[in-house]
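Reading through the structure tokens given below for one structure.
To keep things simple, chains are lettered A, B and C as they appear, and every chain counts its residues starting from 1.
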Amino acid sequence: MAQANLGLAAGKVPAPPTLSVVPPRPQCSASRLFAGRDILGTHDLSMTELDVILETAERYACALENRERLRVMDGKILATLFFEPSTRTRLSFETAMLRLGGSVITVSEAGSSSAAKGESLADSIKTVDGYADVIAVRHPMKGAAQVAADAASIPVINAGDGTGQHPTQALLDVYTIKKEQGRLEGLTVAMVGDLRNGRTVHSLVHLMAMFGNRLMFVAPPGLEMPAEVTAGLRSRGVDVYETHDLEEVIPHCDVLYVTRIQRERFADQAEYERYRGSYVVDGGLLRRAKPGLTIMHPLPRVDEIATDVDMHPGAAYFRQAHNGVPVRMALLALVTGSV
Amino acid sequence: MAQANLGLAAGKVPAPPTLSVVPPRPQCSASRLFAGRDILGTHDLSMTELDVILETAERYACALENRERLRVMDGKILATLFFEPSTRTRLSFETAMLRLGGSVITVSEAGSSSAAKGESLADSIKTVDGYADVIAVRHPMKGAAQVAADAASIPVINAGDGTGQHPTQALLDVYTIKKEQGRLEGLTVAMVGDLRNGRTVHSLVHLMAMFGNRLMFVAPPGLEMPAEVTAGLRSRGVDVYETHDLEEVIPHCDVLYVTRIQRERFADQAEYERYRGSYVVDGGLLRRAKPGLTIMHPLPRVDEIATDVDMHPGAAYFRQAHNGVPVRMALLALVTGSV
Amino acid sequence: MAQANLGLAAGKVPAPPTLSVVPPRPQCSASRLFAGRDILGTHDLSMTELDVILETAERYACALENRERLRVMDGKILATLFFEPSTRTRLSFETAMLRLGGSVITVSEAGSSSAAKGESLADSIKTVDGYADVIAVRHPMKGAAQVAADAASIPVINAGDGTGQHPTQALLDVYTIKKEQGRLEGLTVAMVGDLRNGRTVHSLVHLMAMFGNRLMFVAPPGLEMPAEVTAGLRSRGVDVYETHDLEEVIPHCDVLYVTRIQRERFADQAEYERYRGSYVVDGGLLRRAKPGLTIMHPLPRVDEIATDVDMHPGAAYFRQAHNGVPVRMALLALVTGSV
């Protein structure tokens, strides 16, 4: 069949078979799909692109598991530019680059010395553009990753830009759900905590909705999922349920995605204490859960999940953090055309 | 001769020699002794284990001397997690890992961003556990290294935990004494300075006592070696001498181990000045020393040792600092089973 | 044909050609010229030495361009000791070392923990001396690089010492002028901004004067080039022109080297605003420039150069920053004898 597609008719002398009949290796097309691209958000990713990322990540996860020594990025340099500290994300990116055989240069100061002297983000990026092969940028300002990508000639990966996007977190969340649940469709996913300000949940909601999952949003009053997000989801036919009550959703969900509620979001401290107390996931609460429940958290946790839950077979939050390495390996390798 | 020892008689058909007559390589047993272990303190180290560490360190020191390119940790990652700054110790660990062919990820902020958000040390460690192959942790809190080791599945090396232990410093001290004096037994070792608060001297005292050395403690009133330590040593039969007078011990000691006296330990500044002044090691003082005296200091020094002493052949404190590299190479390679 | 050139006649028995006729490779002599040396300033560099540095840099620039994987410093360690933050310079040094196949250990804290405990710079250097193969040191104190070099047994490269020197910046500036203009002689070079305090321009002035270029100094009153510098240049026969007026020099110069004017240098803020405004390089000003003008800036810029100038073909400041990598590669390789 492949031969027919290649226009070979019976009686014709075929070209040497090793050249003509071998289908293009998936990594070649993957490379073609992503090489040179920026990863600024998840909204513009197609289903195919998402598949390529998840499959590449899975391939790297196997390589890590088997302690294979990868060198696909030997001689290449990642610049991790963290204009806002985020130890976990920075170390995850750096680990990913080192596991691919590459090297890292890092700025992890709250404000870099150049920024302190009044340099624009674009100028900082234009300088580093001549040092590295790929940039992972973290910045407190929404839209900073786009500014960086516009200034750079090399690929830029958004490692979180304020209230903007954090695509590598969303992708490792999706990867984790697929790995823990075995599928990305037909799931009931509950999201708990500050759903108004959490950029992580916004990106994840978008991705899970793509696959036709049921979504349950559990937030305290004032921190609910923005109305335009829920309206947008419902207009796309997504089944969305909203509540203030965590106990109510527990028996129904396959995935419980917990986030931190930040004290400073509340004017009334008594109200904060009340919600904080009611949104603690502990062994008691989980007795009413479905078997096979997956519990996730982007970390760091404070006390939203009791430590006795860590022993629960579905407590996936540390595995989730570890999944950041193969997912970021996949992105680094794909955008630099190293796959 | 080797054949006779193995019980092979003439006329017998020997088993294939490559399999039967090669004795187990010592590094295999060393690896078996340490692979997967944490190094939290020196109190639980046996004489054999100490020997293995010192011999492995000596092997690596020779390799460094000969500029051999080692790759035994190629592809492996060390996480240096310094929740309290200590430039010298951090750089020493990182150098050790790089010299073994490995890579490094680093947290050297006073407080990591996750800790600032309220994350527990155990949670921080559980995350990094999925990134690295071995962790070196420094923390201001006594017992932190044990907490880290309990949380981690990979080996943890204590790089100093508050007033707790600092085993790699103690081991490089012992290694230095052996290298400078040619032996670890039968020495008179004087320790000078703040002996109450110095975790370094406590660990070193324990190790030197194991080898039956004579110990002299020189400290200002109020900063003496804790009574339970001296009592414990004497009950084990160790010859211990205590004094406030540095000049008195100089003619007797083979090793003079000087530590910093911190101004903030004194309520009375005049008393601080008096002791600070009387505990300065300079050329004048050393005229009364035994030939072959070794002068050590864990560094940084302020003015406890005059800079004119640096030219003294027994001034070993910078060599001591440099010895940290092969000693830490040995520990990193041993606990990861890479020897 | 090659044989004829080597003077071999038919019938003669030639000497073994590989030994007798191969001329010494230039890199061998380059290595002999620099191996083990410190790079503290540019004043002591001869024309030959400058040539070797620029040629070695050009060779590495080609290698980077061709994405060659270099390994000449495989197994070697650079210590970047930045006792004063300078993100751009630090990342440039680290990139240079990584591109040569080497590794990096870094101190980039404003004050290292040892310095905070009262350790002298010399002691800090003597410790790191046992870790690394080469040191790049940045320090706020003039003369610090010399102190470091005196304390170290390994080569020290000055990465800027307060109002002292910053030789790697001066060398990358010269390299950039040569690359942009195709030559280093017979040029009119205008320097604009704070010429009194700018160490960069002092070093560059010295180097450009060596090649017999015409120099134009444009500075606000009080921030002029020090009188002893201009007197020294004139006594060497250098053509020097001084003015407060930027517009006046624009039609004459081949290279326009712009530096930042720091607000804090002015007692009178109104005066600052007036000069700041008159020293902005923008599209309007450049309409009167010679074709082929090269515009340089050590970066970071604040608003001395309008961003619309970035599109000008002669806007070389980002290329200038990128040139720091091959120039620092050359210095690192030369002083460690790795060329």
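By our rule, a contact is a pair of C-beta atoms (placed from the backbone, for glycine too) under 8 Å apart; a residue touches a chain by one contact, two chains touch by 3 or more.
Everything numeric here is computed off the predicted structure, so don't read it as measured data.
S.K.: Same residues or different residues: which describes how subunit B and subunit C meet, taking over half shared numbers as same?
M.R.: Because under half of the interface numbers appear in both copies, subunit C and subunit B meet with different residues.
S.K.: How big is the rotation relating subunit A to subunit C when the fit is done on Cα atoms? Please round to the nearest 5 degrees.
M.R.: 120
S.K.: So what's the Cα centroid distance for subunit B and subunit C, whole Å?
M.R.: Spacing between the chain centres: roughly 41 Å.
S.K.: Would you please write down the residue numbers of subunit A that are in contact with two or more other chains?
M.R.: In subunit A, no residue touches at least two other chains, as defined above.
S.K.: Residues of subunit A touching subunit B in their complex?
M.R.: 67, 69, 85-88, 91-92, 94-95, 98-99, 108, 260, 299-302, 307, 318-319, 321-322, 325
S.K.: Provide the residue numbers of subunit B that touch subunit A in the complex, in ascending order.
M.R.: Result: residues 74-75, 77, 79, 103, 105, 107, 109, 112-114, 116-119, 122-124, 126-132 of subunit B touch subunit A.
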